[in-house]
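What follows is chain A paired twice: with chain B in the first complex and chain C in the second.
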Partner chain A sequence: MTKHLIIIILLGVLLAVFVVAMQDVQILYNTALKSYLVEGVIPRGFEETGSRNLVTAILLDYRLFDSLFEAGILLIAVSGIIWISKHDIEEKNAQFMYDKFKTPDLFVTFSRLVYPLMLTFGFYVIINGHLSPGGGFQGGAIVASAILILYYIDHDKETNIKLIVTVEKFLYIAILLFAGISIFTRGTFFTNFIPTHYSYDVQTIYLVILNIMIGFKVALGLWAIFTAFLKEGR
Partner chain B sequence: MDPILTFVVILIGFYGLSTSTNIIKSVFCVTIIESGVILLFLNLGNLDGGSIPIVGEGITMIADPLPQALMITTIVIGSTVTALALMLCIKVFHHYGTVEWAEILRREEGK
Partner chain C sequence: MLFIPVYLIFIPVFTALIIYVFKSKYVNYLALVAQFAMTVLLIMYYNAYGDQPDATLFVFGDWDARVGISLYNDRLSLSFMFLTIFTWWMVLIYTFNFRETNEKNDNFLFFLMFLQGVFLGFLQSNDLFNLFVFLELTTILVTILIAFKKTGDAYRAGIYYELINVSGVLFFLIGIIILYNSFGTINVLAIQQLLEGLPDYVALRMAYIFLMIGASVKAALFPLYTWLPKAHGVAQSGISALLSGLVVKGGLYLFIRINDMFSPANYSYSDFFFVVGGITAGVGVMFALSQKDMKQILAYHTVSQVGIMMMGLSSLPTNDLFYGGLYHVFNHALFKSLLFLGAGVIIQAYRTKKVSDIRGVMKTMPVVSVLMIVGMLSITGAPLFNGFISKTIIKYGIYDQEWKYWILFFVNIGTATSFIKMSQIFFGPKPMTILLSETPQRVSMIIIAFSCVILGTFYIPISTGFFGVDLSYVSPFGLLPLYDYIATLTIGFAFYKLVIEKDVKPVRMIREFKVSFETANYLMVIYVVALVTYFIIL
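The block that comes next holds the complex of A and B.
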């Protein structure tokens, strides 16, 4: 009991320090950042990248280096999970799902209805990542969750987890090469490779292709994680 | 007021992390801390009168896009870390037959 009391008192001290520190930060952030956003980010963000969604502009142009290694961390984590788990069980999906958990028929029927809608929505989010909220990472997660529903619909299918991870690795190398093309056309690594004198519509080609590649990579990675858990928890 | 509430969420995660006796509950607490950090960053980037960070005609004020871009990284890495930790939990359960911290420590000392 005393241990819990000491922990609560220490956390209260932390909260007090945070409250004192936050008093200035928010005022400073609200005044200084507002002028920076109005003068710098809003006018220049679209002109420099061709992306209306400024989060995508940061992810795929200004800070592409960060995003690439974020995708790399996902790949490394997937490889670790596959290495730890029992990946060499060869069994059909029906044995994983149907024996252990009694899936209701209503759920299966509605998954058949929802599955194409989810896939379409995922591809929409991926392809329109530069115009509307979304992008490669978010759309990839939606596509992956649509693929997970497929496990309930199609029981006879067999998932080859090694093939998924191999495809993901090659896709990651392709993303790195695609992002590195800009050294030949613009002279700097990891930015839009289409020269600046083209129009914005042409420059969005780069954003769409990179969003699609990252989206598929994320979808494959999450699919591999799910399959590894399925085979481990059997 | 809002950033302080998000910090309270982080502190709840800390409290759970320091008092939980189950490995899976510890993993949950790490996830709670991560959610608090995400809420804190999004709160700071949300300015008064700002809309979503998509520029177009008639948009004069937007939320700061940089914290949102950073939080995508946090979400992706957080989900993979959670998955890896849970997979290790499964391995620990197969090896020891339990996921209680005290029980595992007792068995390791008893060897």
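The block that comes next holds the complex of A and C.
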């Protein structure tokens, strides 16, 4: 009890100091320093990258190097989970909700209705990532959850994890290579490879292709992760 | 030439992916080719830019450095990169069985090579969020490598490592958010310039504290070190060597870089981190003395040596004491990986980890014993070996403050005692059945042992070349250092005979003292409050 009391007091002190400290951020932001974000990215982002969605502009152009390794985190997590959850004894493939009677029919029916909608919505979010909120990472997650619903509809669905993971790795290599093309056209790594004197419509080609590749990679990665978990749950 | 840092990050990443995709034993040799190419590239890069760090600033996509991601290399990061590639060479030669291809091998090589690329990126990055991404990736990769054996202990240690480190890294993220809200940029060099001439804001101190917590967790400083013995004790020996030798140093590197970034703000951090380092060193030695598991002993010694490095690095970078700590980082990387690799061979041969059960190593494995002795002499600070140099610089640096000197003195005696205990494995009768080690394992150990001796004797040109400091005032020759060392050993031996060998009750109590996960979290909160108290309230 005393242990808890001490920890609560300590956390209270921390919170108080934190709240006091945060008063300064406003002063710092307003007076001393102008943010480059406000000066540079917001007015010029569209001209420089051809993306109306500035989040995509930052993810796929200004800070593409980060995004590549964020996709890498998922890649590593997938291979790690698959390696760690694998058992030496050969097991049968996952059969989700094997006990058919426990999955309500209503749920299955609605899943059948929702599945194509979710899939379409996922693709929409991926392809329009440069115009509207969304992008490869978000759309990929939506597509993956649509595939997860598929396991409710079809109990006996067989999935070849090995194939998914290999395709995912190839896609990641392709993303890295595609992002690196700009070294030949613009002389620097990880930016839009289409030179800036082309029109914005041409420049969006790069954004759309990269969004699609990232979207598929994320979807495959998440698919592999939950298939591995399903196997583990058996 | 300017793009070499990018190649250094992506060569191992691509190699890892190709090895994973094409599972073939010929493709596995690509790892060695990649390693060789990276060595050549790094030497070329060092020759071109080694003494002009300003020319190495490189922004991806040619954007303004404040919004894009940039890489930056100075002497510090270049020397760390040499160490990284060297350690990976050794671990690859030691652990990897290239003749055999199976899923385990391919996966292992995949994670190992990917970690190298990520670690090299981490060393070069000049962007705080990019550092965060690399820290996160390192944490996940190391978790997988710890849990790679898939035993119960390994899983537990892996999850423990993951949870503690992720919470530390999240603190780091909060620090980044505060800085970004204040400055609108997360470029390290830009923030350093912006801090120039600013009044002392509490928010910036808060950001400094949060970044420091991330670095402290990664470096395993005193209350946050609990993950290290678990993780390094259960991993495979090659991985333990890699983690103890290099990956822990990532936290110290972060510590140096953050202090460098905040150098215009002039926070007086020296005394606080010296005390933290001292306590870390003391606690590490105390637990190491009580342990019986060979790898646990070595892991706790990593904790104590990190404490000694911290005692040096907590000083301002203009002092010689700082370079003592920095030199100790490199020395420790060599001798600790040597000791872990040697322990791996011995454990593999005797099929037990208990120090008291292993006897007669000198007769069964003479080469390995000699190499282990080189490692032990280095870690205890014998003249002519590399540990001596850095410990002597630290000793000179704190000569005028008596209490600091005594901390170092007791840690040295503890280290000597602990390795006298461990050296008992060399004596005794030869056991009946043992497995012999393989040639590649011995080759990598011999190379590391040689570098230990080389860093201990040719330290003057090496330190001028890498750090630009003159260490010629340290001399391993003469009688005084020898007397000093022999006196330390004698006291250590007496302590061993009188206390440790008899296994008195306090020693047993320390050995059975376990830190639960809950306590580790309490300790973390207490550490945060201590930092806040020191830097803000006082």
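Note that in this section the second predicted complex is superposed on the first by the 208 of 234 C-alpha atoms of A that agree within 3 Å, B and C clash if a C-alpha of one lies under 4 Å from a C-alpha of the other, contacts with A are read in each partner's own complex, and residues count from 1 in each chain.
By definition in this document, a contact is a pair of C-beta atoms (placed from the backbone, for glycine too) under 8 Å apart; a residue touches a chain by one contact, two chains touch by 3 or more.
In this text the structure is predicted, and so the values were computed from the model without any measurement.
In the superposed model, A:M22 makes contact with both chain B and chain C. Touch criterion not met for A:T196: it reaches neither chain B nor chain C. Look at A:I173: by the touch rule set out above, it reaches chain C but stays clear of chain B.
In the superposed model, A:T109 makes contact with neither chain B nor chain C. Of the two partner chains, chain B and chain C are each touched by A:I84. When the two complexes are overlaid on their common chain A, residue A:S182 makes contact with chain C while staying clear of chain B. In the overlay built on the shared chain, the residue A:E70 is in contact with chain B and with chain C. Contact with both chain B and chain C is seen for A:L14 once the two complexes are overlaid on the shared chain.
Shared contact residues of chain A with chain B and chain C: 3, 7, 11, 14, 18, 22, 25, 29, 33-34, 37-38, 41, 63, 66, 70, 73, 77, 80, 84. Of all residues in chain A, only 3, 7, 10-11, 13-14, 17-18, 20-25, 27-29, 32-38, 40-41, 48, 61-66, 69-70, 72-73, 76-77, 79-80, 83-84, 166, 169-170, 172-173, 176, 182-183, 186-191 touch chain C in the complex they form.
Looking at the complex, you find that chain C touches chain A at residues 3, 6, 10, 13-14, 17-18, 20-21, 60-64, 66-69, 107, 110-111, 114, 118, 121, 129-130, 133-134, 136-137, 140-141, 143-144, 147-148, 150, 155, 178, 181-185, 194, 198, 201-206, 522, 525-526, 528-529, 532, 536-537. Touching chain B in their complex are the following residues of chain A: 3-4, 7-8, 11, 14-15, 18-19, 22, 25-26, 29-30, 33-34, 37-38, 41-42, 45-46, 52-55, 57-59, 63, 66-67, 70, 73-74, 77-78, 80-81, 84-85, 131-133, 135, 137-138, 218, 222, 225, 228-229, 232-233.
Interface of chain B with chain A (complex): residues 3-4, 7-8, 11, 14-15, 18-19, 44, 47-48, 50, 52-56, 59-62, 64-66, 68-69, 72-73, 75-77, 79-81, 83-84, 86-88, 90-91.
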